[in-house]
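Got some structures for you, see below.
What follows is a pair of complexes built around chain A, which joins chain B in one and chain C in the other.
Up next, the complex of A and B:
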């Protein structure tokens, strides 16, 4: 089983990178240049899939947080931590690509429209999530506070999604695309989503491995003391 | 139902009685609120009298920081002398504890607002440009959502090393939507006139309900001696 995992990982990443290559090729040569916005419109092929992936990664944090609160198993916390990191990273990409687009389309890097404001709030929420985790010493307490925070932070996701529908906003609600553009966008979804899943898995395995190692070490240190064995020269 | 109400009444009166005897939290919170008003008021100079939006925003900053301090202190009372262990052993629903802590926090925040707002108006000629009742209604709705999340997290972080700092960094981003809605409703009222935007008020009230129910449900999980 472990051997399978090892051989699957490089293949997964190779396929992801090939798909990125295909996406880049289609963006450069296949999808037509948009008539009013020009070349900058091509940022959209990255912006939308990354935005959707951010929501999905935040959903993983939400589910893992709920799982921890209900079952109190530490692996849920590890999963939430991994997904939290990816959410913050992806949200940063959404903001950066969005700002580049805004500079070209609206003539300003930033404007306080509802969707932009709530996207910034989303980024802040998950950056804070990463800051509060190491600030709490006890693993159980950290897992508990993070889980409650992970649940509450997810409330912002529907706000970002619905902001253009509920309030007047400069951000487009939907964009009409030519078939070639639609196909390019669809192709971009695959590697972006795969990277999200892959990164969460990699981070999860790393955190899990270090936690298991820590637990083993603690047991190794404590077991002789509990058994009444002499502590040796360490003391 | 009557039992639950009686329990809430007892717990709130206990918290407020402790506060009335010591006056530790309220004095601290009011001094902090006045300090924030003075620092921001002096920094802005004459502008503060000119813009109603600036005035309400500065007041909000004072309420938020003061509120965060209230949350921390009302929960710290339970941590001293292991009072929380006694509270948890008592035949009480955890929801009752949440509601009573929330009400105690709201009472303290209301006291803060009642004292700091007139001081700001006197010292810096703050002009709210909104009838007091409407201003109070919007701020009260904002405070309700803020206090719900604050009460929940004050219980979650009270036993950690960072406490206060951690609480503000957690509660502020989570309650940003409520703060944004509150300031937007006031802004629209100041700029456009007429009455308060009903759709804005409804969204704010909906957020309050979601925050209240979510905090009430999760509170049970975070309260540990």
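Up next, the complex of A and C:
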């Protein structure tokens, strides 16, 4: 079983890498240049899948946080921590690719539109999530605080999504795509989502293995102390 | 900056960030696996 797991990992990443290649090829040679925005519209093929993946990674944090609060099992906390890191990373990519597009389309790197502001808030929320975790020493306390924070942070996700619908915004609400453009966008979703899932899984496994190792070490250190302690001390 | 340069910049950012983190994690897991197998022996 373990052997299967190990051989699956390189194949998974190779397929993901090939799909990135296909996506890039389609972006460069298959998808036509959009008439209004010109070539800069091609940023959209990576920007949108990364944005949707950010929402999904944040949803994993939300579900894992809820799972911890309901069951108090530490693996939920490990999953939330892994997904929190990926959410912060993906959100950074959304902001940076969006800023690059904005510089060409609007002539400015940044404007305080509702969609951009809520996206910046989302990035800050998950960066702060990563900052507060190591600041709490007790694993149980850290898991509890992080779970409550993880639930609250997710509230910004619907705000980012709905901002262009609820408020006047310079950010496009949707872009009409030709069939070739739609196919290119669809292909881009596969490697970006696979990378998101793969990163959360690998990060989760590493955190989990390290926690199990720490727990074993603690038990190993405590066991002889308990065995050697006088009866009163042990009690 | 031309439109092409903007596109190139955006894709470079995305690739460096996502694959950079993926490679770092894969190296870390490889290192952890090596350490585990050496302690098992």
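Miscellaneous remarks
Quick note on the criterion: the second predicted complex is superposed on the first by the 228 of 235 C-alpha atoms of A that agree within 3 Å, B and C clash if a C-alpha of one lies under 4 Å from a C-alpha of the other, contacts with A are read in each partner's own complex, and residues count from 1 in each chain.
Just so we're on the same page, a contact is a pair of C-beta atoms (placed from the backbone, for glycine too) under 8 Å apart; a residue touches a chain by one contact, two chains touch by 3 or more.
Just so you know, these numbers come straight off a predicted model, no measurement behind them.
Using the contact criterion defined above for the overlaid structures, shared-chain residue A:50 touches chain C, although it does not reach chain B. Once chain A of one complex is fitted onto chain A of the other, the partner contacts of A:198 are limited to chain C, with no touch recorded for chain B.
Residue contacts after overlaying the shared chain place A:101 against chain C, while chain B stays out of touching range. Partner contacting the larger number of chain A residues, of chain B and chain C: C.
Overlap of the chain B and chain C interfaces on chain A comprises no residues. Contact residues on chain C toward chain A in their complex (touch as defined above): 1, 3-4, 6-7, 9-11, 13-15, 17-18, 21-22, 25-26, 28-29, 32, 36. The residues of chain A lying in touch with chain B in their complex are 69, 117-118, 121, 124-125, 128, 131-132, 135-138, 141, 144-145, 147-149, 151-153, 155-156, 159, 166.
Considering their complex, residues 9, 13, 20, 24, 27, 38-40, 42-43, 46-47, 50, 89-90, 92-93, 96-97, 100-101, 103-104, 192, 195, 198-199, 202-203, 205-206, 209-210 of chain A touch chain C. Of all the residues in chain B, the ones that touch chain A in their complex are 149, 152-153, 156-157, 159-162, 166, 169-170, 173-174, 176-177, 180, 203, 210, 214, 218, 221-222, 224.
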